[in-house]
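Before I ask anything, here is the structure I am working with.
Note that the chains are named A, B, C and D in the order they appear, and that numbering of residues resets to 1 at the start of each chain.
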């Protein structure tokens, strides 16, 4: 377990595994972790930015444009998964978030998602200025240059 | 297995059970059957009324206001469930649909759902006249009187 | 909002609606409430009986054999739903649970589920004696006679 | 839209988007594509290897150990997504599958998953010899060397 990088501004979301998340292998079906990531980044925004509800009320969404997950161990019914979340970088209209999922002191999975801000019609929009300034202060590193 | 009542106008929707629908009991989690019912009634509308997409494009939805399911047997990964669906009754703004779920010639579950037509704001609306007339011809029996 | 009947032994499970629970009508998809009921009855067992995990470790499950839900109002992203849960009756191998779902002091839905105790092979088994005695003390009324 | 590489042995799985797959942005929630990938690779095994059911009956599973998805466009209710699937490489106990998701002749997403063969206890097992030989013939390229 590596933990988040030095300097990362983290939140920790605790998720207790529901029975309906398990599959016939007796473990949490891998598709559910994608939903845990959503819960975790909304938790991060709650703690460090603003409730996602406020974005949504303004018709703005951080649409997921990339997702990757490495699964290291399985989890089962009633396990508590801690999802450690941090903002890796932010740019004018996108951001990149990283996650480490931990259960019983072992790393269950690591993951990353990239998001583009879009409006109700699905068109890309710049992140509102005050939010962008706040997020830039919290990001671990500058956003990559667009070539 | 009783099958649909005499006179019922049915459709049969075949659903092959996905692995992600199973749970740690090794069977299909009971919550998934609710989704099978949705697939089945959209299939029924396709065959006997109009694609649900057309309702949705007009901002109309058959919101579910009541649902009941009796579970008789379990199903498992890769089973094919046949959902036999018919319209029990229709009224000005609501309808009642019944279902029998069958697998390997055995009745897996029976179910019923009641729906109210609502607009985008969630307000109850009358079913469009041409649709209501069509549905009334297909219903098994007259809608119950409202007391 | 009627609230639970006099004498009911309740637990209250708070569920914050996730974005992935919403649908294109902008509200919580009706199938998700079935999952909320599962979370709520596991919460009730935690508080009043024993963790469901202990049943599962013994290869015992309360399989759902009947479910009914009446939907009164919609809920949306980030709403907090309180699920008030109580045990209506218990018999040798089955029990009946009732639920009231509340959001912003309004009744969102009422529901009931019936469960049969089964083993790993899905065969009906009597509820273990100590659990049955405990549950009978907590039930609102005696189980119906089997005809 | 690039399409699969030359020499890829593909299957095409057609998935009609259900209403319950949409979210409050009015589009398919990104977590559902993970489930489409599972449907698509089971379809690929059906056509080119053996039904996944046979693996499962032997207590063998291709556990997902890595997943990545790039989302290019959204899809909505009642769209038909074609998932083009091919086996990129296979090794003694793992394989790597790639996917292109297409809707209305446009590329919706590209994805890749890596799987390790595990037994009922979750321990890594070699792919059965006859299956491994078959899969090696179908793979686009040799598996990467393990360092």
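Following the convention adopted for this analysis, a contact is a pair of C-beta atoms (placed from the backbone, for glycine too) under 8 Å apart; a residue touches a chain by one contact, two chains touch by 3 or more.
Please read these numbers as outputs of a predicted model, since none were measured by experiment.
Trainee: Starting from the defined contact criterion, work out which chains touch chain B and chain C both, please.
Mentor: Touching chain B and chain C alike, sorted by label: A, D.
Trainee: Among the chains, which is located farthest from chain B on the basis of C-alpha centroids?
Mentor: A
Trainee: Any idea how many Å lie between the Cα centroids of chain B and chain D?
Mentor: 30
Trainee: Just give me the whole-number Å value for how far the CA centre of chain A lies from that of chain D.
Mentor: A distance of 24 Å separates the two centres.
Trainee: Could you put a whole-Å number on the gap between the CA centroids of chain C and chain D?
Mentor: 36
Trainee: Could you tell me which residues belong to chain B and also touch two or more other chains?
Mentor: Answer for chain B, listing residues that touch two or more other chains: 19-20, 24, 27, 31, 35, 38, 56, 77.
Trainee: What part of chain C is in contact with chain B in the complex they form?
Mentor: 24-27, 30-31, 34-35, 38, 56, 61, 63-72, 74, 120, 122
Trainee: So in the complex, which bits of chain C are touching chain D?
Mentor: Where chain C meets chain D, its residues are 19-20, 22-24, 26-27, 29, 31, 76-77.
Trainee: Taking the touch rule as given, give the residues of chain B at its contact with chain D in the complex, in rising order.
Mentor: That would be residues 18-20, 35, 38-39, 42, 51-53, 56, 77-78 of chain B.
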